[in-house]
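Structures are listed in the sections that come next.
In the two assemblies presented below, subunit A is common to both, partnered first by subunit B and then by subunit C.
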Partner chain A sequence: MSTQAVTIKQCGGCATDCHTAQLTKLGIKVRNWDFAVALAGNPNTGKSTIFNALTGLRQHVGNWAGKTVSRAEGAFNFEDKKFKLVDLPGTYSLLSTSVDEEIARDFILFGKPDVTVVVADATRLERSLHLVLQILEITNHVVVALNLMDEAERDEMTIDVRELTRELGVPVVPMSARRGTGVSELLKAIGKVAAGQFPLQARQIRYEDKKLESAIETLTAQLGETFADLPNARWVALRLLEGDESVINAVRTKTLGTLKIENSFSQLALSEAR
Partner chain B sequence: MTLDMLAVGQTATIKNLNNQSTERRRLLDLGILPGTPIENVMSSPLGDPVAYRVRNSVVALRREQARLIEIEE
Partner chain C sequence: MKVENIIEQAAVLRGAIGDDLHDRLTTAIYKDAGQIADRAVARQGKSASQSFDQKLDRVLTSRLWGFPLMLLMLTIVLWLTIAGANVPSAMLSDLLQGTVYNTLHSLANSLNSPWWLSGFLIDGVYLATAWVISVMLPPMAIFFPLFTLLEDLGYLPRVAFNLDRLFKRAGAHGKQSLTMMMGYGCNAAGVVSTRIIDSPRERLIAIITNNFSICNGRFPTMILIGTIFIGATAPPVLASFIAATSVAAVAVLGIVFTLLVSAFLSKTWLKGEASSFSLELPPYRPPQIWQTLYRSIIERTLIVLKRAVWMAAPAGAIIWLIGNIFVGEMSIAAHVIGFLNPFGLLIGLNGVILLAYIVAIPANEIVVPTILMLTLNAAKSGLAQNGVMIELDDLQVREVLTGVGGWTLLTGINLMLFSLLHNPCSTTIWTIWQETKSFKWTTVATVLPVVLGIVVCLLTASVARLFNII
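This part shows the complex of A and B:
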């Protein structure tokens, strides 16, 4: 199997084309849809149930390019718009300690989906919010699907959804995918965020340590100079400060923003898209 | 005192993570961080691994992993 690196063109005037190219490199066929939606979340939060509820039988199952991690893709229509839905591997974090996390991270960071739906477990909210906040560090085009509300109610837990929405600055939709409740509300929220109709004010973590914030600022500026169309320089700066080996290497070899195509599946998708 | 010394049914508070390997990140991602209450829920027949409840979810840790987590009553 040959390994081939594809460099992303640096340009300003063709955002849509570049975005399409990026998605193609991630093995996503860019045809016949208006918005790309990614589905992220912890394992065992009902992510697949939500995926099935949204796409029904219109889905395609394959593998992530070069990885033995399965991937499901589906499509749905909502208010005359076509949505492509990509199921990301279930992860607790995006800090790439595993292949699954790397896939999820790369997709959200470089695939730049129009909307990222983060499935949160209402009964284990703290653990779920950890991933929500990490994704909010990368993108503010997020909808939180607060799933397993039936279990939370059974455990006599109440969740102040309105306050949570206000705190996170993105729509939070309480639902129980297993019982089919909240699915239409989730669709509405996805549609609103995709169309830019929700006033997103995503909560971004700011650190109290002034030295840390100034280090992030310095690095972010330097990264912006070296890598012109980096999706999120602040996020990369944070990973560098944290000592994330894969990000350090990508910066050192100037391959940041470059996605590796490692098997024929995505090559196929690439040639199909041409 | 370290987490592996916590008896079944007992609860303590995490004081420090002495694990410096790549596993440290994973433990933090699971909500195992200083100041968090942790309970020994049950032990496997041979006493290793042990199931701990932390932030309303149950996580199984091996003895050598638990030994690197400092706790206080």
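This part shows the complex of A and C:
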């Protein structure tokens, strides 16, 4: 696997792709990054394709769900800032616990990425939004990459991206990663959110049940007292109320916030083994 | 405030709110997602492409046509591989085992290098490497792009869908059909991919049975043996087709064993019900031909080849050493082969094959080259020593094996069966240990296939002997 930096220089004429001119793919050289970016999304929505487009790495891509089962990491430079990119396993939710969902969830919650890019499938928007909304509960530093726009077009669907951006309160970038369109816009959005230049007003689900909301508030306050730098007390409170064993254990052993990283490179080793 | 107090309080509050919180949260999210999607998406009926996808799916996943089409597809891919690999394979072995090999030897002679040094380096390390390249490169360069094209199109999930029913009946998780497909690339990758299965019981079943998917390293062995022992028995026009069918048959047998062993495990050591899940059929996507070619040739083919060469070089050295270090009258290799031979012959194989499988534990890729070198070494063939052994095309491989090694059709068939049913390679064993952290299950996953292989080979050998077929 090449660790050499590849700078894309040619820009001439292309009006849309000028931003990729400032993209330097760094392969697996992940050291001293300025921003950490997590890549989440449903299975088979093109996460690995986007990961490869940004880092210049060649993760195995295939047209089926469930290829990426652990985290893969890569890096790229954009506008003089160094980004570490972590490709998370594809999941439909962060609610139930299987190994892959736990890896994704733990990283978004405790890995404290500066930006979480959620790759959404334009042809199955509603289902993709389940995950987007759950991630918005954890963090508002989110960019939604609305991928597979070419397929949505083929299926004669039109998606109102501005409306979607308004509803979600985070940038939504339409793209077709397989064709390489939208990559520059995605980079721009990541850069803006990372630098705190985008007015984020992430949609939060409020529950109509008053008893529930007050219970959340009580626990959130108590958690805030005990754990000084808890990334998202409201989310942890909800899991405690649900009786989520892994979160209860993490609270009990005070390991909330320490991330297991043993799996991070096995996927890279794998893509080499194939 | 103490941590335990928070947890206690959460439990109290949970009681007040009700047990169905998880469902309520999920419902709220679904409702919200539905509303947003309704506002943002406008669609005009069902598109032509979607209904085309559905029509195609109705055929490819139909109860009647699903399996025959699968088999047909596999046979065609294998046939193209076998028919296409013949000429380049012969050219490569001409070059590597002929021209280059001779040049190296004359160079060594002119440098007056001692026999053991040139023997060790040229007849050992170099020759094994050259073998691996000429035997494996052409079939891989054809097979992988074809297989990747099918994957890119979206056909593999359809295969998984067809198999899902059977897995459920075997008491295994439907996702095991996916991890099994992954195993066709590499068993170690297949074992890691079982992480998508939530239940530990079903995950263990998937891990243990993954070895029955013929991996990249074993396909070339199957293809070569199928070509020279089974294809060659048919008239020349049909030879490639018969060879392809035989390899496809072994692949299908692998699926049968996956199901049988899964069923056995879920009824004995790993009892339980199959959990349900919904398998997703992705849309058919037009494959990206050039990218596929690049990816599968540069990445898959060369990476597998690199690994094989890395493994072949030391293996070649070992083969040369055990063939040339003498204990008493015979070389070490001859002692071991002599010791293994009676048992090998009993199960329709021979001592050379068994030794080759021991030498090749690190990588299945090098089994055939190892067998050939051991056969030639063991027979003390004059050919091998003065450097004429070279330039073996398919026909000559057959001659060496039948003439020098005493192989029969039964040996060929049983080698294919044993190649399907034997211990996983060391990388896979290590991965199984990493994933299970269980000595017991790693051992089961390692030993079970070998035992099965020995039983099956013994069975075919007995049948062949009983009816005097071979």
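By definition in this document, the second predicted complex is superposed on the first by the 208 of 274 C-alpha atoms of A that agree within 3 Å, B and C clash if a C-alpha of one lies under 4 Å from a C-alpha of the other, contacts with A are read in each partner's own complex, and residues count from 1 in each chain.
In the analysis below, contacts are C-beta pairs under 8 Å (C-beta built on N, C-alpha and C of every residue); 3 or more make two chains touch, one makes a residue touch a chain.
Everything quoted here is computed from the prediction, not taken from an experiment.
In the superposition on chain A, contact of A:D100 is made with subunit C only, not with subunit B. In the superposed pair of complexes, A:T123 makes contact with subunit B and with subunit C alike.
In the superposed model, A:T218 makes contact with subunit C only, not with subunit B.
By the touch criterion defined above, A:L240 lies against subunit C but remains apart from subunit B after alignment on the C-alpha atoms of chain A.
By the document's definition of touching, neither partner reaches A:N232: not subunit B, not subunit C. In the superposition on chain A, A:L133 makes contact with subunit C only, while subunit B stays out of contact range.
Of the two partner chains placed by the overlay, neither subunit B nor subunit C lies in contact with A:N52.
With both complexes placed on chain A, subunit A has more residues touched by C than by the other of subunit B and subunit C.
Applying the stated touch rule to the two superposed structures, the overlap between the subunit B and subunit C interfaces on subunit A comprises residues 93, 95, 97, 123, 126-127, 130.
Residues of subunit A touching subunit C in their complex: 43-44, 58, 62-67, 69-70, 89, 93, 95, 97-100, 123, 125-127, 129-130, 132-134, 151, 154-161, 163-164, 167-168, 178, 203, 205, 207, 209, 211-212, 215, 218-219, 222-223, 225-226, 237-238, 240-243, 248, 251-252, 254, 266-267, 270, 272-274.
Subunit B meets subunit A in the complex at residues 22, 25-26, 29-31, 55-57.
Those residues of subunit A whose C-beta lies close enough to touch subunit B in the complex are 92-93, 95, 97, 123-124, 126-127, 130. Contact residues of subunit C toward subunit A in the complex are 1-7, 9-11, 13-14, 16-17, 21-22, 24-26, 28-30, 32-34, 36-37, 39-45, 47, 49-50, 148, 151-154, 156-157, 160, 175, 178, 181-182, 185-186, 188-189, 192-193, 195-198, 216, 280, 282-283, 285, 288, 295, 299-300, 303-304, 307, 427.
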